[in-house]
Amino acid sequence: MKVGFIGLGAMGNAMASNLVAAGHHVTVWNRSAAAAQKLESLLGAKAVSTPDRAAQGEVLHSMLANDQATREVFLDGGLMDAMDPGMVHVNHATISVALARQLAEEHAKRGLAYVSAPVFGRPDVAAAGKLNMLVAGAHTAIEKVKPLLETMAARLWPMGEQPERANAVKLAGNFMIVSAIESLAEASVLARAYGVSASDFIELMTSTLFASPVYQIYGKAMAEERFTPPGFALPLGLKDVMLAQDAAQAEKVPMPLASVLRESLIEALANGAEGMDLAALARVAERRANLDGRKK
Amino acid sequence: MKVGFIGLGAMGNAMASNLVAAGHHVTVWNRSAAAAQKLESLLGAKAVSTPDRAAQGEVLHSMLANDQATREVFLDGGLMDAMDPGMVHVNHATISVALARQLAEEHAKRGLAYVSAPVFGRPDVAAAGKLNMLVAGAHTAIEKVKPLLETMAARLWPMGEQPERANAVKLAGNFMIVSAIESLAEASVLARAYGVSASDFIELMTSTLFASPVYQIYGKAMAEERFTPPGFALPLGLKDVMLAQDAAQAEKVPMPLASVLRESLIEALANGAEGMDLAALARVAERRANLDGRKK
Amino acid sequence: MKVGFIGLGAMGNAMASNLVAAGHHVTVWNRSAAAAQKLESLLGAKAVSTPDRAAQGEVLHSMLANDQATREVFLDGGLMDAMDPGMVHVNHATISVALARQLAEEHAKRGLAYVSAPVFGRPDVAAAGKLNMLVAGAHTAIEKVKPLLETMAARLWPMGEQPERANAVKLAGNFMIVSAIESLAEASVLARAYGVSASDFIELMTSTLFASPVYQIYGKAMAEERFTPPGFALPLGLKDVMLAQDAAQAEKVPMPLASVLRESLIEALANGAEGMDLAALARVAERRANLDGRKK
Amino acid sequence: MKVGFIGLGAMGNAMASNLVAAGHHVTVWNRSAAAAQKLESLLGAKAVSTPDRAAQGEVLHSMLANDQATREVFLDGGLMDAMDPGMVHVNHATISVALARQLAEEHAKRGLAYVSAPVFGRPDVAAAGKLNMLVAGAHTAIEKVKPLLETMAARLWPMGEQPERANAVKLAGNFMIVSAIESLAEASVLARAYGVSASDFIELMTSTLFASPVYQIYGKAMAEERFTPPGFALPLGLKDVMLAQDAAQAEKVPMPLASVLRESLIEALANGAEGMDLAALARVAERRANLDGRKK
């Protein structure tokens, strides 16, 4: 198929590469041109210098960083009005439920199809084409893009016809990730206050009750006190928790645990974790308990 | 070895059975005699009618329900003073850090060894001899009882010489379990408010990011709205969270997430979850969001 | 002086009336024209049909409902560009810190002065000219408008030269109001669970330790279970708490208590308090404790 | 009347002095004898060396420090069994609801009357005989002691026949005090993050919306950063919040705001506030936001 791909960060790059590798004709655009040119020279994608030139063909994928970038390109930048008639736009980004709703409306007004397809998985998983991909939108549109999505995903998880559902689920999932990390951080500090080492505690938990990727990845980082470079950057974790809170508030859903996460993440940022991984929530728990101070 | 075992609930019964099956001479006592007699008739344990008669031999295991039962038997009931000289007492129960410290002192005063060995695992895991067992106490005492513990456990997790460390870790672990359930409950209600079914959401999460026993077991119960009979009874979950809070407060460790759990659990109990499983935290999240009311 | 006044809700109306009564030439505009015409016929203000016609003279006061209304009139509606050169704009509304910063910039670009002057006080206090008014902005601008502000306020509270400071303080104050109400709600339910009536408890507290307006006003409403018509509407309380949270997050200030308020307010809205006063937080606390259910 | 008074800390001393001054025959006992002897030499009370010698006459007042001291003297120390037949015991201390219930039972068993009469007010208020006193117990017992109570109190607040009700209300009140302080602490830090001084902010709030004793007393301490010597010691504040939580949990009342207070108080203690006033909650809020760090 003839497709466009907009947004070539670590995730977008890996996903677009899989489309190219599967034999599709992929036109790529990225804000900083280097990423697109690299895809062109290495894999044979076609790099273009403006997003509207990628918005031609049957399907447009986008994986922009956040709400702001998505708004700038599609709404303020006018890309919505430059898309080929009949195109399906598949948005893989983690954006707000409110923006997903707005985009769905704007596409509908113009006779374009909009599919939300956010993903769970890190860049290496994306490169392997093994993402878990949530998919929500009109049935016919999804059927059309399914072969493309299957080149990127280990499994597609259908979430119904309203695109924002996939976004709500993605945010709920990221909320659960941050919850798990906060829980592990608080529990570790409790154990440490009784003289048990963080690594002993974390090894126990992540090889028994919590032998799942989230606990193992962030637990390892905590045990090793290795918070840079970030895998999941703490400011992005705060952004996602706040988007989950917004989604919850819009539908009047109290989420007291999300509120605790928000405060801990803000406290982390106030205390030097701007460039760190979410695992640095452990630092917040330590500082509250003054673990360093008491060792002396 | 000649050992005693006190406290034959579902867990204690399975653990004592493994000791018998391994060829040890096990004298058993339980508050209600039936459990002990059953072990005698089925497996050849020796049932006795008072706990002091089980406190003879080399090692005494106990698995009493909680602090109160442990206090009644060992401290108020005088069992401490009836134990054979030189005995090692291995306490498998989930008790408070404060009581663990007190018991360690009382044993030391009498020249008795005290080992804390709380476990992670449900009765079926105990029956299979596959528990994860935390072990803390004097090195020589642990060496002596290790062959016994290995008949019950897939793995022993050494936690140092101070018995209460194992209890702190056990409570930290149970806190993490309840955190996971609350997180799943809040996230599910968010997804449901956007029209995604609980079972779709939970299947997604527990087969991808959170493919670990805790999420799968409680997630399944939530998806099926099956809250009775309880696997982990909600009032016991509250008890354990409060013991974790006590342990944290004693060492001045703030645990804001534990506080959220406490309030949710109390709210559950105020609203009919007395006889339910911890998974009924989903009910609290639903009620707060008035999910039922909005369906009309 | 020749002044304009935009936004004639209950508060704006009372404030504009005081300006007229003090002898100023006041041109008034309101979205729905009736309020402006009433001020014209009763007091001799001059009602105009478009906001730009009120933006002529020396000073423009505005008291629009929220961020959205303020944005629509001043930014999207172009009023910024229609103001007389040299005018001082005094904004009395409770708006976000972010919008206050943006407005300050937009005014500066056009050589206009911008003063933030949000107020504490209900409409009856405004009518009596007894408001407590926070004032932040350029010194010369404030000096110029001081005589006007003094017709409305019992006291002016200078907050420095940066306009958003006054907004941050106003939001901090509203946060404290909602905190007080939540505290009273939780405490009352505790007392009631022990058989003490809400009115006995509230009378005690609000005539001894907490003999201040906030506790007395909301306490009376709680004791009488009188939640409509709202004095301070609960959805506006949530809006203000969320603005306080936004202001806090922008400057990396954790506010765990604000987070609790947010969740309680959302829970209230999910359960029928849309048209009620903030005092209806008492209903949330009651429902959590199932006070009604246990009485049966 | 012939009365005894046990427990002569700052509060008890002031209260007993008023009884003596009103002409009653007061026998006093205190753990450290100096306080009792001082009352004897200055005012003509009769100091005794054991508590049972104060438990003779018509009424026994007690104002011991906490649950532990009360238990030690009345239950473990056997004072319950040494009281004159027909005596009324009036307990002014801030104790747990659980202990109040137990004491009520123990008195009833022995045919003694038990009245709970905890107070609001600091030592200077007690000295002036102007306390607000909550009173709960059997009607006839209260009638009998009323003249004594009126020498100490500005007003008696009847709370019904069950003694623990007065304790629940006292704890609810102390919870509200700590809530007010936490609210002021968080709000001040928000204002400070925007460049407003703590003293400007606090003066505004405590002379307008929150012009009541609690806000004024603790606000002044915060504005002056004067945390020692403590008026209301922070560890006692934590004790009372925890007693309120215990009372709430016993009756299944969720109190999410109390949970936030608990964590903040523990964090304060972990970071050096052991000997400080409750106003030092401001320090916790500051540290979380790293206010000092950002000034640099």
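Read from first to last, the chains carry the letters A, B, C and D; within each, the first residue is number 1.
Note that a contact is a pair of C-beta atoms (placed from the backbone, for glycine too) under 8 Å apart; a residue touches a chain by one contact, two chains touch by 3 or more.
Source: prediction; values computed, not measured.
Looking at subunit A and subunit C, the chains in contact with each of them are B, D.
If you average the Cα atoms of subunit A and of subunit B, the two centres end up 37 Å apart. Taking the mean of the C-alpha atoms as each chain's centre, subunit B and subunit C sit 52 Å apart. The multi-chain contact residues of subunit C, meaning those touching 2 or more other chains, are 248, 252-256, 260, 263-264, 267, 270, 288-290.
Chain-to-chain contact here is organised exhaustively, every possible pair of chains being in touch. Put simply, subunit D touches subunit A in their complex at residues 256, 267, 270-272, 287-290, 293-294. Of all the residues in subunit B, the ones that touch subunit A in their complex are 97, 120, 132, 134, 157, 159-160, 162, 164-165, 168-169, 171-173, 175-177, 179-180, 182-184, 186-191, 193-196, 200-201, 204-205, 208-215, 244, 247-248, 251-258, 260, 263-264, 285, 288-290.
Interface of subunit D with subunit B (complex): residues 242, 245, 248-249, 252-256, 259-260, 262-264, 266-267, 269-270.
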